[in-house]
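Presented below are the structures under discussion, each in the form of structure tokens.
Both complexes shown next keep chain A, but they swap its partner, so chain B is in the first and chain C is in the second.
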Partner chain A sequence: MTRPGDILLSVKDISLRFGGVRALTDVSFDIHEGEIFAIIGPNGAGKSSMLNCINGFYHPQEGTITFKGEERRQMRPHEAAAQGISRTFQNIALFKGMTTLENVMTGRMLKMKASFVEQAFYMLRGRQEEIAHREKVEEVIDFLEIQAIRKTPVGRLPYGLQKRVELARALAAEPQLLLLDEPMAGMNVEEKEDMCRFVLSTNHELGTTIALIEHDMGVVMDLSDRVVVLDYGKKLAEGTPGEVRGNQDVIDAYLGVSHD
Partner chain B sequence: METLYLILIDPFVQMVDEPSFLVEVLIGGLTSGVMYSLVALGFVLIFKASGIFNFAQGIFVLFAALNFVGLMDLGVHPILAFVITIGIMTALAFAVDRLVLRPLVNQDPIILFMATIGIAFFLEGFGETLWGGDVRPVQVGIPDAALFWELGFGEILVQSADLFAGVIAAFLVTVLALFFHFTPVGRALRAVADDHQAALSVGIPLNNIWVIVWAVAGFVALAAGIMWGAKLGVQFALSTIALKALPVLILGGFTSIPGAIVGGLIVGAGEKLFENFWGVPLLGGATEDWFAYIVAMIFLFFRPQGLFGEKIIERV
Partner chain C sequence: MLYREAGQFKTSYSADQAMLTIPLDRWFVFALTAFAVIGVPLLASEYLMVSILVPVLILSIAALGLNILTGYCGQLSLGTGAFMAAGAYLAYKIATNITWLPIWVVIPLAGLCAAAIGIAFGLPSLRIKGFYLAVATLAAQFFLLWLFVKVPWFVNDSISGVPPAPPRSVFGFQVTGAAAGNEAKYLFVLAFVIALAWIARNLARSRIGRSWMAIRDMDIAAELVGIRPLPTKLSAFAISSFYCGVAGALWALCYINSVEPTAFDINRSFQVLFMVIVGGLGSVLGSFLGAAFIFLLPIFLNSAPGWIGYSVASDTITHIEFMLFGVLIIFFLIVEPHGLARLWQIAKEKLRLWPFPY
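Here is the complex of A and B:
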């Protein structure tokens, strides 16, 4: 299932510390264009920290991250977004007071070319733009099958749908790299199946490269082309799901190992 | 019985007997109410976008008015003075962002609130140093004449300056409400207000947004300052009047622009009606100073989120 593409994102020797706590130590891996890449590991392994480094919420003390061949060290989240990295969050970070449609529209924020002033006061160009973006947003809404809740404030939606709206917002930005932090957490079986379907069709139909964190091993094995395993902030293994599943270190990390 | 009659029945009998007086009182109340709304809007803007209750908003009103009047006294044309003052308020927004908000990012709201108290004291002193502490009249050519209107039930007296202020304030309030709801920038502002992290991840630069919000709040403060200044003269007591926005916010809800508007109107009209029909005959007057706060307290008992505020529901 591996589709060897060019390297889209390269993480090299990343170390991240919070005071004395080492969240990540010398982690390196590459994400190739067009693949679904999973980051797995036990709780506290540094998975979310890794995503946060990639999209600029955290700045690692050491190491480099290269995106589309361009190395960067101190990047702010909105710059990462401008370069084509969008994401979802472990604990859903939606704009709860806004409707689904408005939430997804915010995903287009960076694509809007008219200046702030133009948008606000000189309505002509702003209007045309708004309509064009609205079309794109409707496509995404159709794609994720959330037409029925377009006008509902997202605070009122059930958890599973909120996760889907969050995905829609990320997709509206037409990202090259999509980061999903536990997209199936807290979902029931049907919701998980739906979400898997959407992740796969995002990858296949839109060609988006995806890096995801997930705890459900079944999901990870089914979805991903390649997997990296983290434990205590260090890389334990990397490879196809099959390779990783057979790795003794990984089995030990997950099941524990007797020290006698 | 006699007292009950005076409290519960008599005021309404008077209202019916003298409808023209009632209308006059109402118009007076609503025009000052709309100015409360204007001040309250400044609070709501900043609270929505950054979750900070900006204690200095009242001083912003005064500071903006001081600069405006000061410039005019130096012989600057009113329109130019207005533009320069907007520039000053924008520069102030930048300074607040760089010197106060950024170093304190991710701190508890209470810390930021304390910081705004600091800003308030600083601006009060700085304003006085720059322009002196005298009461200054504002003459921007707002027509001030007594108009007599013939209505079906009698004649009423309206101050044209009041009407003018009301219209301007209503216009500003409408523009801001539309701006927030129907433009991408407004959407960005609301997004930031809702969730900082998510806003960053969709590519909204937080810092720029804060500068915009504080600048808009400064602009609103200027408008409010000119209106109040034209009515009462620019004096340091303005900052206290601006605190009337507090009960307005409690009534309307801290996060709601329509709430600020309706809250302002209710407080404005309510305190004038109470003063004229209950306060003066029963309590000897001067109820305007505290009426709004009592109403706010009652609201806090029964509807702490305000009329339009988002109800806080925590799932457990």
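Here is the complex of A and C:
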């Protein structure tokens, strides 16, 4: 499963503070091309903050993030999207008033180039693009098996399907790096198995590099090629699932240490 | 409609993305448009055309404009009247100063000026949302009207301050001013309505419409898929103000035949907002239904007692009108925020299965 490629994203000595709260302290790791990389840790360890830094929502005070060999410090989320990073959220962030199809179509936003006039008259590129991108979107819809809910407003869908639509929207952008923030949270076993299947086939068939946050250790150990463990904003360990599982610091962080 | 949708299959994405996917729907809309263009001028009375259809159609344009901003992009605005006034005053200014310019160019040009003003007043929308933004647009409402009344340049230093609409013709038929023919006026307004409704529908189903709705539904996620908030919100402000500007210009030049500030006061802003709420937020059809409903209800209330041989004092009717509007707005806000357009959709869904419950 492990296919060690070039370094796609490199995080170096990232520190993030909110006033006096140190959310992240000197965290460094690399994500290689084509791998599934998991970020784990107890609640409040700074996992989501880390994703938010990579994705441009937060701007770390110190440290650098290098994506595809280009270093950057300050970046807006839409610029990250333009570079090929897309993500899903812990608490679903779909456009509730729009249908599944429209939601997934928004994922193609940056690839559409029709001018205002072409869109207003639904002619030339305005029309061609809608149809060409619809075909791409239908591929994603087939891939994630959500054909039946194409025209349903997402607000009416059950939780598990909403999560899947959100993944579809992220995939529609054909990202190089996909960030998944707790993709299996709140799901039953069957839904989790489905979601694992989709994450794995995204990685295998589309070759997308995936960084995911997940609390279900079974899922993390089965899916990921490498794992980084955060606790109180610091990196505890990094390595293959097997290495991390045997690490004494990690066991202490999760189970607690007796102070006698 | 009296036909079945079952078995009407689509075999291409292009067919599935058509504006009206069901052939009978398409024929119905074509027939309705043809009737509005050919049938109405032949059959309708002068009163129906000039006093009812023309204002309803013009207000539909304004409602479409506000619906783009509030219904699609989620930015609440109370400045509709001001943007209509901008269209009206600038159409007058352009028409009287560049007299060789055809009137069908002057009105969109006035719309563009209104759009520029709309962009300026839309700038705060990046920082403030909801009710606070509504208050900011309220500033536009009062400032712009004050400006148009205070600066005589806008009305060519007219002494009364309320200049009559300049008479202008299209294809030799006079369409603006008091002396214009009813049919010519009606068809001139209708041409704008058809074009602008079609454009609104196209925008709503294209990338720009989806980016508006994305900003409306969740702005953080919108930014994530690559939508830049400021240009998207400003484009909604610009296009909305363009529609309102065109509506204002038509209102002044084709309906009331003079350029006066009272036609575009805060009451107009609220009237259009009610149309959008009652008709349906985020729906092109709703803009038309809302405009017709809000404009026709007082007329209906005034004449209904007469039809059943009962006379009611006109001030009583005005009071009833106020109460009824209040009740209706609250009813729609609570029961059906998507308005008449949604009710129509629900009725269609029920009829599809009727007489079975599911």
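Note that the second predicted complex is superposed on the first by the 253 of 260 C-alpha atoms of A that agree within 3 Å, B and C clash if a C-alpha of one lies under 4 Å from a C-alpha of the other, contacts with A are read in each partner's own complex, and residues count from 1 in each chain.
Just so it is clear, contacts are C-beta pairs under 8 Å (C-beta built on N, C-alpha and C of every residue); 3 or more make two chains touch, one makes a residue touch a chain.
Since the model is a prediction, treat every value here as computed from it, not as a measurement.
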When chain B and chain C are modelled together on chain A, clash or fit: clash
First (chain B), second (chain C), both or neither touched by A:Lys96: both
Which superposed partner A:Glu135 touches (first chain B, second chain C, both, neither): second
Which of chain B and chain C A:Ala82 touches, first, second, both or neither: both
Partner touching more residues of chain A, whether chain B or chain C: C
Chain B versus chain C as contact partner of A:Ile251, first or second or both or neither: neither
Superposition clash, chain C against chain B - the stretch among 6-14, 24-32 or 222-230 that is involved: 222-230
Overlapping contact positions on chain A, where the chain C interface meets the chain B interface: 55, 57, 76-78, 81-82, 86-87, 89, 93-98, 102, 105-107, 109-110, 112, 116, 119-120, 126, 130, 169, 173
Touch list for chain C against partner chain A, complex: 13-14, 16-17, 19, 199, 202-203, 205-208, 210-211, 213-214, 216-218, 220-228, 235, 282
Chain A residues within the chain C interface of the complex: 55, 57, 76-78, 81-82, 86-87, 89, 93-98, 102, 105-107, 109-110, 112, 114, 116, 119-122, 126-127, 129-131, 134-135, 138, 169, 173
Complex contact set, residues of chain B against chain A: 179, 183-188, 190-191, 193-195, 197-206, 212, 255, 310
For the chain A and chain B complex, residues of the former touching the latter: 55, 57, 76-78, 81-82, 86-87, 89, 93-98, 102, 105-107, 109-110, 112, 116, 119-120, 126, 130, 169-170, 173
